[in-house]
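Some structures are shown below for you to check.
Common to both upcoming complexes is chain A, partnered first by chain B, then by chain C.
Let's look at the complex of A and B:
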């Protein structure tokens, strides 16, 4: 009986991972199957010479898209969480308003404008879009890191210190674990927004899933636009539901018996 | 041993603690009593350096507190607070084992110690070890808080209104258990409370604070007999003071040997309090009780007239002194 319980735990996929897996599978099928959907897109654009975007393979575009968003996310998360931690420490408290304002400014500044300003300095290609995503995605992470850390009950932090934890141990073992659900929610918002925003990269020569959309707009080919938009939406849904599953797992762990 | 001498704490213009001196001998239970904002919690937190004192000396085991490394100091001082401060993302067992783990005990030793403490605090291991704090009642959570404070077997225990948030029945139960625990473990305890009855029940040494100063300190009985200030007197219950004093006095200290006269009908064990004896006299409409030992054998007699007379003599003799 014991071994059967054990086996079912090993083999069975936990229900919260089913949705992200489904979306990812659908994305994969769409990326690989897109070239064979000629008939459907012909119906959208009966008069076009070509209805399937073919300047690059869709999986290459998807790979670059994920790369750009991923790099931006890693940098944003590191910067945002570190800044959030720093300004909630005793020694960094003076910078709290400044960091809040810089992060808000980053998001109020339109990414298109960031791109326009970044290209003369950084040149065409991947770098300007990563910078734009970074600025745009910083606010949710900083804001949620601050909120998450601030929400940790003062008496719990005091007890941790009084038990003889070092400030670093209080942060590592108490504050961050308790703030993680809120921080993760910020990361989720940031990354999901940036998956869509990354498409702008196509305008400055960073080839990704935005390429078919821009090419479609330029050439008046709605089929291209649809293909790019569909794949970006599926990617966003897959990643978003992955975060959803992660949050559920975390909640489960925090409140499990 | 804890020694505070002329300790003050100023926050900017405000003086939270004003020139207090206080000595808690090893193994003694000291209660700081006063209304909120009187500086009692601040005093407590200066002992484990959660708050740095502004002037004066705080000496633990012969050494000034500022000479200790604060982290190491706190690991050898147990600390219990009203809101328990349990870590909500850790199980009961992990919460209790915190300080031993910080001190790098082996995991076997930690488990053994945690089980021992859960047993000591009346928390069955199988039932509670894997629960999370939000699954506990207030009383259970505070037991875990006390167990966590005792985990590394510290000599000193600081308790900041540990039972303040509990319902009266649970509070009384935990007070009784703490008294029993203290009789066994002999920790040096500093206990902050605004509840004078709690302080009278638990303390060997009572310190009444008001507006950052110590108004009076001494044994509970000494304070009850001779409050030197209207504030202390009102804290001690005004007219009820006589009964509170009686609660701290054992029947055996006031009984007389069995005389020629027949013992009274009502019986009372010798280690009951005088307060319980008085209550029994009122209930049973009598002014004499037969005092019995643990085997229920008569060993003496308690008479109301004599209790009242002795209380008067007490008062007169103290006035003379």
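Let's look at the complex of A and C:
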């Protein structure tokens, strides 16, 4: 880990964006090229009538998948970080154990059960899966926001206050920048988990990359399952490496300044 | 002062509607006296929260418990009121507000326990009484509740699914505990293995559980068809075998990670002291390193088990049985009460395991109590 950081420092800023770009390109190629891979999937499933999932275009499914995960991520990040900031202020300290409890409770609830419980209230479709992802993704973000803000040295905060900064300025210009790497690590965990979990949405009628998987299991067609799994794994790897690059960039900036 | 204002805000929203069946308001469901009682109870909790003190907390604890105990009675009254006697098929559904109130009351209970520093035993006892009262109510007087009807229609099936679920989870977890321990010990010896296996296990986690279940169908079906010995052992494309393999695969990462960290984190000073006392290597491992690592190791078991409980529900899709069967059957028939019948026990199971393994880890922590 340390050696790779060191190397990228020597080479410069550019190479760290290569890996996410590669994964994204691979994802793009496989989404657009899937219909032409008939021969390969025919080999997996020689007897099936059809080997390429065709009820919806792959790029539509990918778009919906990204949309669901993205919406969930935006809401979780804003909720989690705001809650984390609120309970580390003087006036919100009393809520700290409660927020921690609620966040870890969210991870204890199995997403399938949340999904199933959300359907009677919210109906079939995209909304229940977003709720399930929200609950499931909250813990890593809240936990890391709390850890990140707590790790900021008290003397640095004192110094900032002594320089005449208002508490709001201290938060915005000292605490948050210092805590960002840790918060970002939490966001990374949360989003990566949710990309895989979002596939469950297909069981309640939210059409996304889980669709081919469900269709494949129901019809006993391995080729469909493979296509769905391949695309989700590629998406997860692309996003994960993007976060990795972001983290490295942040490290560089923090260590150089 | 601000300390407990959280107790106020949620309940002031909550008491105005307990939905029953086709969305009846609180008043329509349990009448004016009932509505008044609910409002009064919640106001009392809020009022006590304004001036926090130990006695007030105890009073709140009493009120919250009372409210929890009264909840099924609210349903009974509603059932009596709203369901005409000449409609024996009518059933009572539980609405969103009811769940919200229940959830918030539970949250109050957790918060009060933390503030009062009560031991787990007391909370368990309290919850035990509440749950017991609910079960009695459900079995005796709530036969027009949809959930109860759903349960009575297939109680045999339910128990079988529950046992199956627990069996799947415990098999998967125990296998991965043993495998995780062995793997972590090997990793400590061969550093190269550590990198490879962490990379592999991390990659496994990016494959959605749904897909892994699906992907195992074909190779196992092929094996069962071509190797008669395996087929005799019960290996087949659908059902328990692929579910178990996938469950174990997913359980390994949290297990191995925590075991490895737990074993690595034991302070070298302690080990040095043990060595100086003349302990042999195996003694040092089993009498010093392992007991000290146990709490973190148990944390891994807890995470793994909770995760496996949820994943086993997904395994129902490939015919492994378990409580997930009800969820997916219910979703298929748009029978939401059947979905509840599957989802609620899974939730409760996860919470019980979470709480009890957490308690066990607390007890085993050195210097803990």
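Here is the rule we go by: the second predicted complex is superposed on the first by the 243 of 257 C-alpha atoms of A that agree within 3 Å, B and C clash if a C-alpha of one lies under 4 Å from a C-alpha of the other, contacts with A are read in each partner's own complex, and residues count from 1 in each chain.
One rule holds in what follows: a residue touches a chain if its C-beta (ideal position, glycine included) is under 8 Å from a C-beta of that chain, and two chains touch if they have at least 3 such contacts.
What you see is a predicted model; the values in this text were computed from it and never measured.
Of the two partner chains, chain C is the only one touched by A:226; chain B is not.
In the superposition on chain A, contact of A:177 is made with chain B only, not with chain C. The partner of chain A that touches more of its residues, comparing chain B with chain C, is C.
Once chain A of one complex is fitted onto chain A of the other, the partner contacts of A:119 are limited to chain C, with no touch recorded for chain B. Residue contacts after overlaying the shared chain place A:166 against chain B, while chain C stays out of touching range. Legend: residue contacts after superposition of the two complexes on their common chain; A:190 is shown touching neither chain B nor chain C.
By the touch criterion stated above, A:200 is placed in contact with chain C alone, chain B being left untouched.
Within the superposed three-chain model, A:110 lies in touch with chain C and out of touch with chain B [touch as defined at top]. Across the complex, chain A is touched by residues 48, 50, 71-76, 79, 81, 83-89, 98-99, 102, 130-132, 134-135, 148 of chain B.
Here chain A touches chain B in the complex through residues 153, 155-156, 158-166, 169, 173-174, 177-178, 253-257, going by the rule given at the top.
On chain C, the positions that touch chain A within their shared complex are 2-4, 6, 96, 107, 110-111, 114, 203, 205-215, 217-218, 306-307, 309-311, 313-314, 317-318, 324, 327-328, 330-331, 336, 339-340, 342-344, 346-347, 350-351, 354.
If you check the complex, the residues on chain A that touch chain C are 44, 91, 94-95, 97-98, 101-102, 107-113, 116-117, 119-121, 192-193, 195-197, 199-200, 202-204, 210, 213-214, 216-217, 220, 222, 225-226, 228-229, 232-233, 236-237, 240.
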